[in-house]
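After this come two complexes, each holding subunit A, first together with subunit B and then together with subunit C.
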Partner chain A sequence: MKTLIDRPPTDDGRRDVLARMPRLRRIVLSRAFQPVSMLLLLAPFVLAVVAGLLGTPAGNRNFGIVFVWIVWWAVLMVLLVPGLGRIWCTVCPIPAPGEWIQRRGIMRGGAKLRTGRRWPRRLRNMWVQNAGFLTLALFSTVILTRPSVSAVVLIGLTGTAVAVSLLFEKRTFCRYVCPIGGFIGLYSMVAPIELRVRDPQVCVDHRSKDCITGNEYGYGCPWMVYPGKLDRNLDCGLCTECLRTCTMDNVVINLRRPGADLAKPAPGRRIDEAFKALIMLACSIIYPAVLFGPWATVKEWAAVESFGGWLIYAAAFLAATLVVVPGLFWLAVAWGHKGSGSDLPVRRAFNDYAHALIPLGLAAWIAFSVGFALTNGSYALGTISDPLGWGWDLVGTADVGWTPYLSGAAPTIQAAILLGGLIFGVRTALRIGLRHGPPGPAGLRAAAPVAAFLLAATLLLLWLYLG
Partner chain B sequence: MTGAKGNRASLVLLVLIVVGIPSAVVGYQYGLRPALADHRIVDITARAPEIGGFSPDVVRAEVGETITLRFAADDVTHGIAIGPGLGIDSGHIDPGHVGEITITPDTPGIYTYYCNTWCSPDHWRMRGILEVVDPGAPGAVAEPSDPIIDALDAASIDIDTEPQTAEGIAPDRIRGRQSLAGVAVPPQLHDPEWRFSHSPAAGLAELQSANPDLGDGVLIDVVAYLWSETPPPAEIKELYAKNCAACHGERGAGDGPAATSTIEEPVAYPEAAWHRRGDIWYAKIRRGGMGTDMPNFGTIFTPEETRLLVEYLRYLSFSGR
Partner chain C sequence: MTLPAPAETSRRSMIARRAFLLLLVLFVLLVPIPSFHTPRTHEITIDAAQYEFSPARLNVNRGDTVQVTLVASDVVHGFYLDGYEIDSRVEPGVAEQFTFAADRPGKFRYRCSVACGSLHPFMTGELVVGPNEPFWRAGALALIAVGATLLSVRKRRSA
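This part shows the complex of A and B:
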């Protein structure tokens, strides 16, 4: 284990988490940390695939559906992303086989495969992730209910990760392709956890840049990020390699103010990120409408019960996510921006203000996931005992019936979460407005239409959840 | 742990996960679990007939062999029964659940496992065969002949001929019972076998001959009572409710929830009963209706159950009219 260089704590409200938890620090700095975590999660992943392919087609009795789309999804969206940012990417088993093949080793690599091609420059953004997410989203009703389809998706994601790892360098799949990693990265900017360098100047002065090249303690950043310039959670996969490789002990995991990445100046914000935020917000409205709403025909279309119906659904879905919601948001931004005195192009303002959608989008997904988990979580008890619906009773809970939890309180909980997201989002919009325009009321006026957009989206969501 | 050792250990763990988990799952289900059982277990997938029905749909067993049939409902709620004459009913099996039936058949024969919970428009096609053979006398199990159907065949009676409808006749068995004391009843009308092979209309002709002074209204009611005097046992009502009511309706009026999806309108018993012989009804139930969606229940019901069912149809036909 490398030597710990003693440095004074930072003075900007951020707290070095690992400095306060030496045992956790030892675990995280161990080279076995990530591969062992991935291996451990590979076990339920493999079981989910096996259950999907061989188990009962009844989704509510199949481990592949219940533990992926109810348990994992709820844990991811309610706990992991808002609380720990990209922690799932640290332990996700999907890229593991590709990475291990690429490195020719699990704990420590042998001679690497001679691949290492760089991802095409034109695709170094979130558009592939956006397209992948929308593709999955178009079939989500089927994926969420049919175990065999769900298994094929999991196999497809893993296969794609292997293929990309064989063709391209490092974690290109996670950084630019993974449809799940895209929104986890986006929403991780809300999390109160970040990986950063303690002192950027140390990185500037340190010539060997072990965090990029790797050394005996770990690999060069698999996510192709230079930690010295890391100022947002978006692109950091929390793989913790730089914590190991930094010989200056300059990389830290901070506890910070939630959403610290959202309103601060970040010239690198792009329209693909803005569209990611808009797509996710739009989907967070469409999903509860389709899955829980009273429109049976729309649900049938989404479930691909007829190809013609699905085409109508797909067209409406894509129009809503790529045209209507972004268009309305553009109008809101342009309206506020006009006359604000800011000399920024509207497109830049659009990209910036889209970050005000992130807290509400995350809140909407949490509300959706909370409702979903409370309603369907009891299925987990049955499937843990009989994961394939084959009549097993491993832990004596196979016959536990479906019991929705807190069904009376769920709408109130969801409403509170949404209102929290609205407040957080409006605050972010106002801070962005103040940064863009002239200080004072003019800046706030510029953000007002965006705040109104957020309010309208929240009211729509409240209507869907509260009826 | 050194890099090489760590890699080896993690590789072993990887193989255990990727190969071990699927092997363990499949090995337990198809190897260890049957091996640990003290008798044979047969896993049967149950799906609506439109998407496969039972798989497998034929199971063979020997007389005296204990066998567990595990029915896994894959799509919708099913209910599994085995007949004829075994009285086995699993109750509802919801999607993703498994219902087990353990039997030790003591008589060779062809039995039918079938769904008795309305599961799809083709629900009645959801059947499988349990063939029980005597190891001491192996070979194909012969279908038993049915003397009632054989007699109809011998008399060249076409059971698919539509019965004449009883226009203007509204028999009431309760009124008939009250009127019975004042009516001279020929002895054959008290004979269940005669009534079984004759329609109520034929019985009316006999009564008219014996009671020329009485009006048809009274005599019709008396016939209705005589043709339905035996109260049906509760298990026959349940048999009807589970197997017939979906098409023919709870009260036999041909208005069950599945009536709109059948090729021909299901028979409404009150309309058909007056001119219908019991043995023809019996034959139709056991053999099924040619060119209609009326399934054959001869592989499910015993002859005794079928006769009781015919009596129940009479009871339904003449109650409350």
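This part shows the complex of A and C:
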């Protein structure tokens, strides 16, 4: 059996999923695939907005809260992102209106995209997404509990997507602005699925570059990605346009080893990505502490019950996510870096090792989401029958009471998920350390403080859930 | 006498290390943690108010008996104790009482089970039944996981 360091540095064992599933291939290659998926999801999305604006203010009886922040969130974080990467971005209804306005149609064969401006060069990173996520996170307790605020957020995201689509080219909103897409992209690097080219040389030799320009079979890449150089899931929105436009049949969807993107050499890793990983990990610790912890005062601060309290919460939240956690992580990386004698700049090591936080961060979000869904998932039955809380009983489940599922086993499940994330994260840190060189134990010495950081974060999370 | 080939020695060594790791994990999961506390009865009054329980954290020991008097000081609230599946409803001015044996170690959240306002889903408290075996076992497993991963790679590098 192969061990960690016996494995070759290049990824292997990939399997072309669609080659084995011809029916699925036909569906994915159809031009109707993405627009129809978006349209299907636009209906519950609109219902969530309408319920938020016109329905009951009681969150547990309102479709807009229950189906967005309990059902959708749990499905996204527990199933879709870890299992299928950016598949949500394939079907997400939020950018749909903007994209359709931009294209002047929903599914126009071969129609060219209206040329918009390019997103400013200095913003072609994840900082806008980081700022957007932090802004939403600062008000998340309000968004999670007040249907009208939740609806305003959904309208705001859609409106921003439309505005960005009118001003800028293609899916600029999804690639550089969407606060949800940012962390989905980050965590999609863990997923056992990827869109890649079969042979990069075929792309080099293929002069027409239909995947960029588009052709009668589909649009040029809306995410502004050149598939021939795609080596990570981060920026690919899985829209599958390149599968349709590639006349060389060189684009494939692979099954692969989970986390294959994380430890591979990638000189383009940036500090904005590192901060995304750190912000997400910090939030995965703060949320269970604030929302599930016994500190009522903190909950009231987070819920903006008083402006002064919220200011304290916001200051502590931003300090934790932008200063304390990144600072401690920097110290861990610098400590290991010094001990290893590597001549790599510390900043580069910081950016690289931040990818070791991704498996644990994802595990922490899964643990959080599992606990929340098991406790509150039963509200979904009631809101199916009465989505606006107006006393309807459409399918006879309006009176189903609140029933927590597996309440005794949930902490054990959460602990198992966290331990899995820890092991995955430590192995990723070691892979990065071994690849950085210098060869031998120095790479391990460099990774050891990062492993200690991961352990400390895990113990803190275990304490929050079990301690 | 023929010496085993290096590859065979390495394979045996790897099997031995994995067997040891498995035994260590089983030990951490299964070894009983003794409790030296004499069982006692706790009489506790829990006040439920939007959106907190007071006290918000209870510490008892396995084998203790917990007598709860539940009161509500503003609106109707509920009290659901995870893991013990105790569910009670309390109206302002009418105290509810129930008793249970703290026979499961660990941390269990109690939460409001009657919608009481916007922060209702997050109106929670914690009952910790010590010794908190699940937490200590999970912590020990985390340490073992990190140590084993580091050591396994170190062994491979030196081999």
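In this section, the second predicted complex is superposed on the first by the 448 of 467 C-alpha atoms of A that agree within 3 Å, B and C clash if a C-alpha of one lies under 4 Å from a C-alpha of the other, contacts with A are read in each partner's own complex, and residues count from 1 in each chain.
Convention: a contact is a pair of C-beta atoms (placed from the backbone, for glycine too) under 8 Å apart; a residue touches a chain by one contact, two chains touch by 3 or more.
What you see is a predicted model, and the numbers here were worked out from it, not measured in a lab.
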Subunit B versus subunit C as contact partner of A:I180, first or second or both or neither: neither
First, second, both or neither for A:I286, with subunit B first and subunit C second: neither
Touched partner set for A:A415, first subunit B, second subunit C, both or neither: second
Touched partner set for A:N60, first subunit B, second subunit C, both or neither: both
Partner chain(s) touched by A:N376 [first = subunit B, second = subunit C, both, neither]: second
Subunit B versus subunit C as contact partner of A:A296, first or second or both or neither: second
Comparison of subunit B and subunit C by subunit A residues contacted: C
Residues of subunit A contacting subunit B in one complex and subunit C in the other: 57-61
Of subunit A, residues touching subunit B in the complex: 31-32, 35-36, 39, 42-43, 46-47, 50, 54, 56-62, 100, 105-108, 110, 382, 387-391
Complex contacts: residues of subunit A adjacent to subunit C: 3-6, 57-61, 141, 144-146, 291-296, 299-300, 303, 375-376, 402, 404, 407-408, 410-412, 415, 418-419, 422-423, 426-427, 430, 434, 440-441, 444, 448, 451-452, 454-455, 458-459, 462-463, 465-467
Subunit A-touching residues of subunit B, taken from the complex the two chains share: 1, 3, 6-7, 9-11, 13-14, 17-18, 21-22, 25-26, 29, 43, 70, 72-75, 95-98, 100
Sites on subunit C touched by subunit A in the complex: 14, 51-53, 56-57, 80, 82-85, 104, 106-109, 111, 113, 115, 118-126, 128, 132, 134-135, 138-139, 141-143, 145-146, 149-150, 152-154, 156-158
